[in-house]
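Two complexes come next, and they have one chain in common, subunit A, joined by subunit B in the first and subunit C in the second.
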Partner chain A sequence: MSNSKFILGVYEEEDILLLAIKNVRAAGVKIHEVYSPFPVHGIDDVLGYKRSKLSIAAFMFGLLGTSLALTLQVGMMGFDWPMIIGGKDFIPYPSFVPVIFELTVLLAAYGMCFTFFIISDLKPWAKPRIFDLRITDDKHVMAIDLDKNHLDVGKLDKLLKDSGASEVNQKNFDDV
Partner chain B sequence: MTTVEERYDFSAKAKKNLFVTIGTGILITVLGIVLMSTDGHHEDVAHDAEHGFSWVNRLAVDIWINNIYFTGLAIVGVFFFALQYAAQAGWSASIKRIPLAFGNWLPYAGVLMLISFFAFGHDIFHWTHHDLYDINSHDFDSIINNKKGYFYWPLSEHPSVPVFFIGRMLLFFGLWYYLFHKLRNLAFKEDLEGGTAAWYKMRKLSAAFLVIFAVSSSVAGWDWVMSIDTHWFSTMFGWYVFASWWVTTLALITFIVIILKEKGLLSIVNQNHIHDLGKFVFAFSVFWTYIWFSQFLLIYYANIPEETIYFVERWRNDQYGTIFFVNLFLNFVFPFLLLMPRDAKRHSAILKVVTPIVIFGHWIDFYLMITPGTLKANGGYGLVEFGTMLVYGGAFLYVVLNSLSKAPLFAKNDPMLQESLHHHV
Partner chain C sequence: MTSESVIREPLVTGGKTVHDVTEDISRRVEEKPTRLWMIAMAISLGLLAVGAYTVFLLLWNGVGMWGLNKTVGWAWDITNFVWWVGIGHAGTLISAILLLFRQRWRMSINRAAEAMTIFAVICALQFPILHTGRPWLAIYWMFPLPNTFGSLWVNFNSPLLWDVFAISTYFLVSLIFWYIGLIPDFATIRDRAKNGISKRIYGALSFGWDGAAKTWSRYETVALVLAGLATPLVLSVHTIVSMDFATSVIPGWHTTIFPPYFVAGAIFSGFAMVLTLMIVTRKVYKLEDYITIQHLEMMNIVIIITGSIVGVAYLTELFIAWYSGVEAEQYAFLNRATGPYWWAYAAMMTCNVVSPQLFWFKKIRTNIAATFVLSIIVNIGMWFERFVIIVTSLHRDFLPSSWAMFYPTFVDVGVYVFTFGLFFTAFFLFAKFFPVINMAEVKSIIKISGEKTK
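Then we have the complex of A and B:
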């Protein structure tokens, strides 16, 4: 990723933004990303985002936790150092349930969290691309990657203005 | 978005179907009784020579299971309704009328429960036997005698009628019906007058109802279910009964909403409302399991004989051992795995399979709470259980659907209706 050029539409209201996304996509423009200071209901639907597969990862990590907890307890209590506790069997499954539950939840939560960090490229040393500082305050910004759209800047500018953008800016990044 | 008033039409065909269900139930019950009194009777008597066992005992116990189960559906329907007001929930404005209609079963439930208690009380509740409290009697039971006040107060000297027990039953049904009646009237008044006055009144009333219900549902669980195993006690039992009632009611609400939606009614209910109901069924199936397991694990781990007897009778028992695990599969494993994906909760196809499983599964749960303590080795599952379930189920649905058809399916003047229309998750 080097020397990428973006054209940015700045929007004031989320209703206008949602309508604008629809219109811009209908005109055949690929939207790079939309930034908003707060969650906007229905924005992933109009952007056409597919459902995240994060929950599948969470389920898998949960299963891993379940099997880890079972292996741990059966191995220790059943084979490594069998002990009679409360007159129970060496492998009393009901007593294992709290640990199974805890490890399942722990691994599902941590696994999901770190999967999310990795797929979102979130790391302490990451250099974020800041398109417009006002997206943390009161403006919504729609970013369009010029390299991926074969439209000239003038036409895009008009399209964004027509869709309700209060201003249209350009932003270049020459990061790695 | 505009809303047109919608009404459920309780058609003659639907009525006929329910009457056929009730009739079939009666037939199956009678058939079961006939088979029981001719077949296998001699075998059963040998097990329990002290108390002569006959089909009357089994019928009594089955009727009691249905009394508890359907009373729960009725009162927890009102609880759901009240909860929406107390929590100021907006999403549910489109479906609130369905749980409210469940409450119409309350007067029937109360009458049936009183009659059953007077008719079959001795077959169900061991503590109703007078010689348990007579110190000169061979059957004197000091543990039950110490609990005498809980049933017979203030007539503890020469107990004849369990005044305190029956008083509580009357009080609970009275309070529940009174509050349900007031809530329903306010809801219908809102339909005619509009405005927010009714909503604020209902919120106040709901808060009062929740406090009363919190206490009364627990005590009802001890009275009507836990006192069957008179020696045994569990501090979790009230919640356990409530958890079972609550998830059954949620499943039934979901099921009825889906069926009405398929009939083209409830047009204001969209996938997001279905999703929320699905999440409720999923979450409270897990909640029920949590309560069930919390009760089980402590007893299992502590291993005190007076406590473990409850699970010895149910788990380590040829008669109920299988159904003990069936209960866990139907009420935990199935809803947990089937309702885990998001799509399963948003689309009615899977919910239409899972909710009946949960509704039936919790009938099994109440069966397991009540039967082993009353019938001991004479219990079973067969035609009588199935038949009585059909009779009660048919009657309950008749009352609920009949009252549902008497009013619009959603409140057009509900201040929360706009929020519900724009609900998005």
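Then we have the complex of A and C:
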């Protein structure tokens, strides 16, 4: 990934951005990624991204929490050290419901969030590629990897300008 | 793309652009602390120090320092615990339930409300931890950990143990929900930072966020699923807290309406605390364009609804006590209203049931001064509610020979003061170093709900 060259189209409005993505993709250009200061409604569809499967991950971690809570409580109260408490069964299932619920929610939430951190490479020591400092302020940036596209800089520049970009810049990364 | 009814008021006023949002919110983090902030911080640190001294006395001498006696074995400690947990209900309710209902007015207030939630839960946790007397051993009493007593485990039949799981889960889930929302805003501050230290600190806090469309898409899924998980969680927490009482055999406690009644009361007090804090924050930080009168009015409407639910619950309790025909139950409520603690009952009724009804008048619920005063009255009332439920049910128990009164000692008061110091210290630090409004979310509604584009 060393020495990557990118051409960047900077957009002001999300409506223009969405149209631009459609036009650029229609022209057969491969978009590296689009960067925005806030979630843009409908951007996944025009970029052709599939819906995230993180909710499935949450469900799986939730199931893990349920079974963990059940095993924990049945094992401790029923087998490891059975005690008579208020004449109840050694394994009183209704009493187990609150802890089962809480551990299900806890594992589902943390499991999903940490999956999200890992797949999106979010970590305190991460060194992100910052294409433009204004991405986190008010500008949307479409990045096109020059090595992965056949069109030359001049043509891409024109394509982006025509699609409504307020400015077109270049950025090189020779790290990573 | 998204169209909205023309009669709806804009949620962000003053003709703000997306860049203005960044400026207005980030500037507060970047500027030097003001004198006012310094004074406020000094006061809360003072409260914290005074409180810490009484906590030290409590741990050194034991829980006998509290004013508890054989009859009233639970008083200020659990009153304060339930009060703080109740306050901690608003934040996650605002960010989770209002997200599921697509209520856009949540966006300007959710960040601060969630922060308040987290700090309130931390304050609440002080009481169960301190009441064990020896907190360094309490971890074995509270969590099912292998121990040297031959693996004698905690009792999963006990609602007190459910509480441990409910509160710690609530705390942890609220924390990660809040943090995930903060990540894009930390990235904004990182990219604006002038000096190396703040660039490095906010860089680490922002987890290397780059605003990629793919990450935003995942982020939205995560937020939605977290909201779905947090919604039943919020409702479960005070349900389980109410079971600490409802599963007992004490007249005045063992009522089946406790769970919904406690949840409504928690939302009631939580919104009141959000109002108290937000009215001050919006004034000091000049955020009138983001937290508008409309926002305050919406919260006041929630207060009328939950306050009325609480009022109905009080009356239902009285009715059921009479209707049950059980003398002990009837006496418990008669004693509450007319016994030696009548003044606490009267304070609770006035503050929680009568005064919020003033919000039916639009003039009052859109008046900032009135809202501020009433929000404080509500929280005083909610403290008395817990005090009434706990102390008046205990102080005249089954044996008239053991009837007693509860008198708080200075340590009771001091530990309460300690939690206030903790709460405000944490909140002021948050207000200075973290963006108090969720910039990314507010930016996303500027086009559809900003004044310029309406």
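Observations on the model:
Please note the rule applied: the second predicted complex is superposed on the first by the 176 of 176 C-alpha atoms of A that agree within 3 Å, B and C clash if a C-alpha of one lies under 4 Å from a C-alpha of the other, contacts with A are read in each partner's own complex, and residues count from 1 in each chain.
Here is the rule we go by: a contact is a pair of C-beta atoms (placed from the backbone, for glycine too) under 8 Å apart; a residue touches a chain by one contact, two chains touch by 3 or more.
As the structure is a prediction and not an experimental result, all values here were calculated from the model.
By the touch criterion stated above, A:A27 is placed in contact with neither subunit B nor subunit C.
In the superposed model, A:G87 lies in contact with subunit B only, and not with subunit C.
After superposition on the shared chain, subunit A has more residues touched by C, the comparison being subunit B against subunit C.
Once the two complexes are overlaid on the shared chain, A:G42 sits against subunit B and subunit C alike. When the shared chain is aligned, subunit B and subunit C each come close enough to touch A:S55. Applying the stated contact rule after C-alpha superposition, one finds that A:V153 touches neither subunit B nor subunit C. Of the residues of subunit A, those at positions 41-42, 51, 55, 86, 88, 95, 98 touch subunit B in one of the two structures and subunit C in the other. Residues 1-2, 17-19, 22, 144, 150-157, 159, 161-162, 165-166, 169, 172-173, 176-177, 180, 183-184, 187-188, 190-192, 204-205, 207-222, 224-226, 229-230, 232-233, 236, 240, 243, 440-441, 443-444, 447 of subunit C are the ones that touch subunit A when the two sit in their complex.
For subunit A in complex with subunit C, the touching residues are 13-15, 33-44, 47, 49, 51-52, 54-55, 58, 72-73, 76-77, 80-81, 83, 85-86, 88, 92, 95-96, 98-99, 101-103, 105-106, 108-110, 112-113, 116-117, 119-131, 133-138. Listed in rising order, the residues of subunit B touching subunit A in the complex are 293, 296-297, 300-303, 340-342, 424. Subunit A contributes residues 41-42, 51, 55, 59, 86-88, 94-95, 97-98 to its touches with subunit B in the complex.
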